[in-house]
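Next up is a structure, given as structure tokens.
Naming follows writing order (A, B, C and D), and every chain is counted from residue 1.
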């Protein structure tokens, strides 16, 4: 689960991480007032669940309350990176000498938490990881002992800190590490971690992603969820209990199993199409879930054809076929459909679809080829 | 560091451990009022740092506010087990079917925390450990994973609980375990953990001992210290930085090193005397510490002779001798003194003592024999 | 022969009294799996499908000598169930449960390692040694005994590949789903080592996916330690960065986990990587035919 | 020969720039200990008594090949210093520091074990192999080379026993203080095993005290694995229950740790237990004389 900057900030501040003074605001007038309170020189930051908001106009410097008001007017109620801006964080401007990166992620291979730092802060760490992986320094923690002082100090020195900054960095890194565990985070980062012109460390942005599987025991964190920032189709999918991720292509697909769903997407790409989504209905989906999943796909205006790829196990192919037949009968299926059914009750499923407009394929490759061809035909209509 | 029942109770209650309603009171009038608030049927419990207060009149049942007042009058301002009663806890009476024991201690051998339970609660667990060790069930925890559900359930079943009681016990045991770590405890116990006549679990007494070495990082816990409940000589020793424990004998001893101090005590016993104290001045004691240590011993009215046993290492024997010479000169030494000096500057130390009333011994056994004989002579005077 | 489970496996079903546990117990018994015991909190003393139910794993192990367990305990309690099994001397623990908080698995995996037990999963379909024993939830009829060792992070891809192999007339020694979570017990590397040592396995098929570095580590292991031919497939070439593809573990992040990187590492190590599942299974079949010649 | 340290030990002093660290460095250098490096936070690049100071253990180890460290870091930071040494590949870590919270040591000992390092202490005087190397704070002049292996939970009792042995003309192979805290790294058992394997050690002297069960475990180990004669002394027969006798570890509680229980267990295992220190050292001397005859 994603959180907003102001939420992550509040959590980290609770662990003693220093941030510049700031306040959340919902209207331009509020922004102007807050900017005045904060001394006039501020940053106005759109609170949206999207990376790269800076380049997209989601972070603006203002040197007077009036400028802050104007910056807010350009954001509030508008869409940045496909996300509606409902609130902005007004942050007192700080004069920085350098921008560092500090983050914690899971190290799957060592099965523990890794703390990372870089002297190249202020940009997306993914870009640093690609362009200059050696610019990211990592330490692996012992989950029992935690992030050792010496490890935090070595990160501090590696990013060019010295003297009292080393202890300040250590305190921030250990706070981040503790917050990571306490929040059941999968990612927690401070980027940039600024070094001010007077040498002090101050956190200027924070990002927290929480393990969805742990929300059941973190009601306080679960309450931070901002559904409005999520794709409505993904919200609906989560509600009915299927896994959906919107993609940019034209072939909607419904598959059981995450691995098979990805393999299906890859096959579509291989034969010249692009998947419109990832959709895994899971191993034991019910009729109503299948129905909901099909409707989610059909609601996507970019979908030109649908591919259904089911390996029947606990889930029965005839149940999937019946759900599709029902939708067809209701006239809800506006695009050509290709179905591949294997495993439990596959023959029964195919029998149900006989006589409908649905195309039957034997293999995944064949199904993908048919779907791509049909989508191209749709496009020409 | 020892804590009071009401303090341990408050801490555990913060972790969700159920206790009957109760209130701390400092005067008999207060006790009467609280007893009335609590419905009249209460226990009045002296808050002192001493075990076995029940048998010594420190816990009394009252069935009316007036009875509670009388019980309090019999305690407040009096001494129970050598401890002054300054406050009592007034606890609503609960009707119990059974009394269990639940505690956590350090397992030195496995280097982790062990959680113990017994169906024989309500008595000193030391007695159970001696009389019927098999009546105590133990589980060792993984410090990373903590007290597993299954372990808590197995303890619950072992002490005869069943049904919903098992989950209730699990919750209490896991709360106790978490509190143990959070408090840097060396002992944390609920005794008795009562089973009410309706089958509910309720904690009726709690004992918490905190690791002195961890107090530096637990200011909130360090503030719980009640110096008045401690032996003034031990408080003074702690203040000056030496280790002192009052014992029942007549030979005061001052030694450097805990092991050597115990060996000295044992030798005194072996030759027919009894040590009046354990006193370890440590490996690097200063003059003022040695002076303070000598005064602490001399202040004990039971002391009939003093034995000083120093193995000079970092500590110099001449410094110890000089401190003693100074005290002698001030006329502060009211009992015969035997000194054994070995190691760094031993000859110089002995030279300083030549011509004084101090007896010099060569070996530990000889020193003990001399001290015991001198003490006997003092007694006959 | 086979790896992990066979006719001698004495299987314990943890939470056998639950809906999924009892259903799958029926399926496993029907396959011939030697299920000797089950556990159910507060349900000790009952039987499910003729299998005796115990209050704790310790009691079950003492009474029946169970040495393999399969966990159907709901996510909030599954970590505890794994720890209990490891503490009670179970040698192989198969955790089917999906949705366990990943930081719980950091603790559980460390614990299991310290106890010297083996953990498969969580969020995995289990393991089947066709014709011998099934300790998992896979549809049994697509598997058939033979010389291919199959290991996968994905459940349905395991079934798909096994079905295609079976259709091509190629059977399997053992098929292992290691699970789709970011942190799982046994890794590709562990399973590859077992297949390498298993006389019944002639060719190894490995089905990876995006996320993490397990495939890269497997590639290094194959290069150094595996003499048997390995064919691989990696799912997720078209997955966008930073989005979780169903499996909690299927996410590309901080420069790690792309399909391209995995495929390159595997090819570097001499592993044949199929472009599609069909080409992958055909390559496996050809290698089996070749080794039989 | 000796155990733990000898002429080949390359010693690192952690917090060499502190008062105690620099003082003891002088003493150890005077004894001939091969001190190759020191650490001091924020003090990298200096020298202390001619020894180069590094910012981290890792740098010190890389630059000097140090394989033994001695920790003079104050209690709040000592756990971290031990972890750092273990992570940096130091083989033997001697922690002199007193007053470390015991639950910190639960974590630290688990970490050190997992890293495969050895830890002596905390709250210990260290180890001396007379004539070869001293990695500790003991007064050197009471020790002399010879055939007795000495191990103790107490510092001053170590010196006392060594001095008495030296006075009796009996030298020591190595003298080890394992520390007076409830949780320490190497136990009596670990050291007994090393003495048993050390050709230079003919007789073993073991000085225990009340608290815990380390002496009972040592007794069981002696009964099963030690062929060399062992003489023991246990301090604290007159200590009251439930009171801490100086050492955090010297406390009798929950039915464990009495001197009587320890002495009985040791005698049961064939260990000669002296009633006083004098009788203990005399027994050791007699055994040495006997074995020399």
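Operating definition for what follows: contacts are C-beta pairs under 8 Å (C-beta built on N, C-alpha and C of every residue); 3 or more make two chains touch, one makes a residue touch a chain.
Just so it is clear, the structure is predicted and the values come from calculations on it, not from any experiment.
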Whole-Å gap between the CA centroids of chain B and chain D: 28
Euclidean distance of C-alpha centroids - chain B vs chain C, Å: 54
Gap in Å, rounded to a whole number, between the CA centres of chain B and chain A: 55
Multi-chain contact residues (two or more partners), chain C: 107, 110
Multi-chain contact residues (two or more partners), chain B: 143-144
Chain contact graph, described as a line, ring, star, complete graph or other shape: other
Chain-to-chain touches, reported pairwise for every pair that qualifies: A-B, A-C, A-D, B-C, B-D
Of all residues in chain A, those that touch chain C in their complex: 51, 105-106, 108-109, 111-113, 116, 125-126, 129-130, 133, 136, 143-144, 181, 184, 186-187, 211-214, 216-217, 243, 245, 247, 255-263, 265-270, 274-275, 278, 280, 283, 311-314, 342-344, 363-365
Residue ranges of chain C touching chain A (in the complex, touch as defined): 75-76, 99-107, 109-110, 137-139, 142, 152-157, 159-160, 163, 180, 182-183, 207, 209-214, 217, 233, 235-250, 253-256, 259, 275-278
Chain A - residues contacting chain D, complex: 142, 144-145, 148-150, 153-154, 157, 163, 166
Interface residues, chain C side, partner chain B - complex: 41-42, 55-58, 77, 79-81, 83-84, 87, 107-108, 110-111, 114
Residue ranges of chain B in contact with chain A within the complex: 143-144
